[in-house]
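As structure tokens, the structure follows; a few thoughts come after it.
Letters A, B and C name the chains as they come in the text, with residue numbers starting at 1 for each one.
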Amino acid sequence: MELSLAELAARIGARLEGDPAARVRGVAPLDRATPETVSFLANPRYRRLLGATRAAAVILAASERGACPVAALVADDPYLAFARAAAVFAPPAPRRRGVHPRAVVDPDAEVDFEAWVGPGAVVEAGARVAAGAWIGPGCVVGEGARVGEGTRLVANVTLAPGVVVGRRCLLHPGVVVGSDGFGFARDGERWVKVPQIGGVRIGDEVEIGANTTIDRGVLDDTVIEDGVKLDNQIQVAHNVRIGAHTAIAGCAGIAGSARIGRGCMIGGGAGIAGHLEIADGTVVTAMSLVSHPIREPGVYSSGVPLQPNRQWRRNAARFAELDRLARRLRRLERALAERGKEEGDATGEGG
Amino acid sequence: MELSLAELAARIGARLEGDPAARVRGVAPLDRATPETVSFLANPRYRRLLGATRAAAVILAASERGACPVAALVADDPYLAFARAAAVFAPPAPRRRGVHPRAVVDPDAEVDFEAWVGPGAVVEAGARVAAGAWIGPGCVVGEGARVGEGTRLVANVTLAPGVVVGRRCLLHPGVVVGSDGFGFARDGERWVKVPQIGGVRIGDEVEIGANTTIDRGVLDDTVIEDGVKLDNQIQVAHNVRIGAHTAIAGCAGIAGSARIGRGCMIGGGAGIAGHLEIADGTVVTAMSLVSHPIREPGVYSSGVPLQPNRQWRRNAARFAELDRLARRLRRLERALAERGKEEGDATGEGG
Amino acid sequence: MELSLAELAARIGARLEGDPAARVRGVAPLDRATPETVSFLANPRYRRLLGATRAAAVILAASERGACPVAALVADDPYLAFARAAAVFAPPAPRRRGVHPRAVVDPDAEVDFEAWVGPGAVVEAGARVAAGAWIGPGCVVGEGARVGEGTRLVANVTLAPGVVVGRRCLLHPGVVVGSDGFGFARDGERWVKVPQIGGVRIGDEVEIGANTTIDRGVLDDTVIEDGVKLDNQIQVAHNVRIGAHTAIAGCAGIAGSARIGRGCMIGGGAGIAGHLEIADGTVVTAMSLVSHPIREPGVYSSGVPLQPNRQWRRNAARFAELDRLARRLRRLERALAERGKEEGDATGEGG
């Protein structure tokens, strides 16, 4: 794939300042770019690399173009324009069709002849795999599960029975969808399992990162709406609902029956308690714990700042007496007010 | 499966208020229940759904039955009664027997003829799989490992060599048991591996969630006692012991040689430091870090509350000066006491 | 394997105080050791077990040898000496060669005849597996990936296309290397995927724990340098670089483009924010969040201490008003200073 800068500008929605006929054939970071590649500047942290770049052109915001030593592709959102440029040059996802002789497809499963089932993959009875789907090596598609058109299970993915995955989804290695939710009732010292007979429904264009797990519902389904992006090692408990186009970073954990709105951004390692709702468009920063509903969109955080351990120990010890400190402060305020009044009385300043 | 309400009440230990002959054949949530299903109210959050339910009957506490528009199944513990009801109607776990032609069972392994080994599963030399066990697709049972009666490895589970799993356990996809513990000794700038030659022993009726990992011991075994319930993506390090009937929620991490008592409940994302003991019956809330032994049962927590980011930033910045604030408060108290004494002296109120 | 204490002392770099001819053939913990095994005391928590040990000898520090009832193997670093002793007695890692008939090796892959590919493993076109490597059951080695000499993929490990793993590495079950990084650009309410076309390079003698995930880079590679030790369930995002001989404990998460120095130790469950650098030799304690660069090596922490829930609730509530408390304290200080000045004025003590 080779393009002129003019063509590229048109395809990514950028304005070109430079030679429209110059030809490029890839994207590269500022410090590795060559006169045959375009680069980008989206994060100001990397501005120092701009002056020395050898790129054919740099995708950047209008405010940065003064410092650009080569052609500029000026975009309102340079990162979005870069994403499009990278997509232009990226090799297409591999496409294969057919069932590998070392795959195991149950005679009662339906695999479209435009789908691929790789070596060591298992497709059980009643499962349906649509056209263009990719069931990579070592994947297991349980009884009655459905994989939509163009959806890829990269490798070693497990779909439990009855799980439904939409179209053009991408499930990375180690993903588990439809494992039993964690549901037990206490009976004396023992736990009685609550059968988990709900399912999981995943919409279209959902991406699920490596080793992320999504449990099936107790009675109702766990639901991941269209366009949701989940990073690696996220845990989604039973009966959670994640609204369309919400993005969640790695290692986050979402407890049972939580309902996360549309277009939210949840930071890495964050925890969401069960049975609560989070408003559309909410942002939660990394490693925060959401223990109450969030009704107003906004940016929310918890946690305390990192410090050298010696200082931190002293401050953390004080945290354990914080309520007492606050009460002592209140007492002081009262004492001083009292004293002020007395003095006021004594000096005739009082009311 | 279809039952009269009278039969159901008897099987779940509830008292029926309503037509004993009415017939039901499933469980459903309050808002989806039909006159052929029973529902339940265990969490007061869902009380608002009670009035409009169309269920044949609702399992609930005596205190809720006044608001129940249909028959009531009154139980001391409605969630436990619901668990039993759901179990009555749940489809039985699938049972299969035999070794799938695409499984690989070493001639020196022993697989009971009442066990099932699925396609793509591997059972290595010296391993023993008992009657009624289920070794699902893609599972690996390492050399000399043992799988007890009726235990199910759902799919893509890995048991390392020598691991012992008891009876009627349920291991969800992606579980790893018996990987090496994280043991290294420093030698200058390099790390020398400490061979991990202990094993893992898992008791009876243990459930282990998707992608949870349990390391083998250094010299002694890592031990999970009977009836323990582990959610998804939990990390259990070498030589940990988890007491019987303890339940641990998703994403918790337990460091080496920690000993957790019986009947504990550990919240999601909690961390337990190494080489410490936690008393029987202890409860730790979500995302707390247990860095010291817990000798008295009770409910323990750490962390700070979620706030809008702007407020949180101000408070978090103050955390870093908390010890100084406390010292300033102490000085103020002294100054005021001193002043009081002086004034007392001056006014003749003193000692 | 059986050795005299004199031979063992020489091999582990310890000084023997006891019978040099006594013969031992294993290592064991203090309370399970027999006269045929050696034990060790490295953690003072276990000192109480020393007096009753029946070991042939105990590896310990000079300061502990007075309390040792049996022969002593005195070492500067008892844990390192124990690691070496355990390695002496540990059974050698199993070695196999050849391709199992139930493995699937693409005709365009190169597998050294001294390597082993186990049942159900898949090696794709263009992949190269070097001598002494072990591709365990259920592993997937993607197109063009490379596995160095003596490296072991235990079982159910997934290497995505093009990933490079060095020599003598150990990858535990469920590891995923080379999954797509989490890169999306916002386009209105939707996310546009940024193609992840970088790779992953892993050095020599790297150990990677069960279910740990390492994403491929966006354009450049994600890099894990020689001798790095990663515990279970760690998430390493795209374009991270981890310096040589750094050790990271379980459940830690490292966001995109973070650069962790050499010889660092990162505690369990810690989070490292993206696009920052951490100095060589830095130590971060468990469950801390590193949200800013660390330029000076040292020990760093965040978090608040565990408390009984009732006390914790009161203190946590105060955290939410901490900035206000600090402002009130400041006001009090000013008021008191003012008052002092006034009084000083009044009594003639003032400036």
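Going forward, a residue touches a chain if its C-beta (ideal position, glycine included) is under 8 Å from a C-beta of that chain, and two chains touch if they have at least 3 such contacts.
In this text, all values refer to a predicted model and were calculated from it rather than measured experimentally.
Between the two copies, subunit B and subunit C, the C-alpha superposition involves a rotation of 120 degrees in steps of 5. For the touching copies subunit A and subunit B, the fraction of interface residue numbers used by both falls below half; the interface is of the different-residue type. For this pair, subunit A with subunit B, the centres built from the Cα atoms lie 24 Å apart.
Across the assembly, subunit B contributes residues 102, 120, 138, 156, 174, 211, 233, 251, 269, 303-305, 307, 317, 319, 321-322, 325, 329, 332, 336 that each touch 2 or more other chains.
Subunit B contributes residues 102, 104, 120, 122, 124, 138, 140, 142, 156, 158, 160, 174, 176, 179-180, 182-187, 189-195, 197, 211, 213, 215, 218-220, 233, 235, 237, 251, 253, 255, 269, 271, 273, 275, 283-285, 288-292, 294, 298-305, 307, 311, 314-315, 317-319, 321-322, 325, 328-329, 332, 335-336, 339 to its touches with subunit C in the complex. Residues 27-29, 32, 43, 45, 77, 79-80, 82-84, 86-87, 90-91, 100, 102, 118-120, 136-138, 154-156, 170, 172-174, 207, 209-211, 227, 229, 231-233, 244-245, 247, 249-251, 262-263, 268-269, 286-287, 303-310, 312-313, 316-317, 319-323, 325-326, 329, 332-333, 336, 340 of subunit C touch subunit B in their complex.
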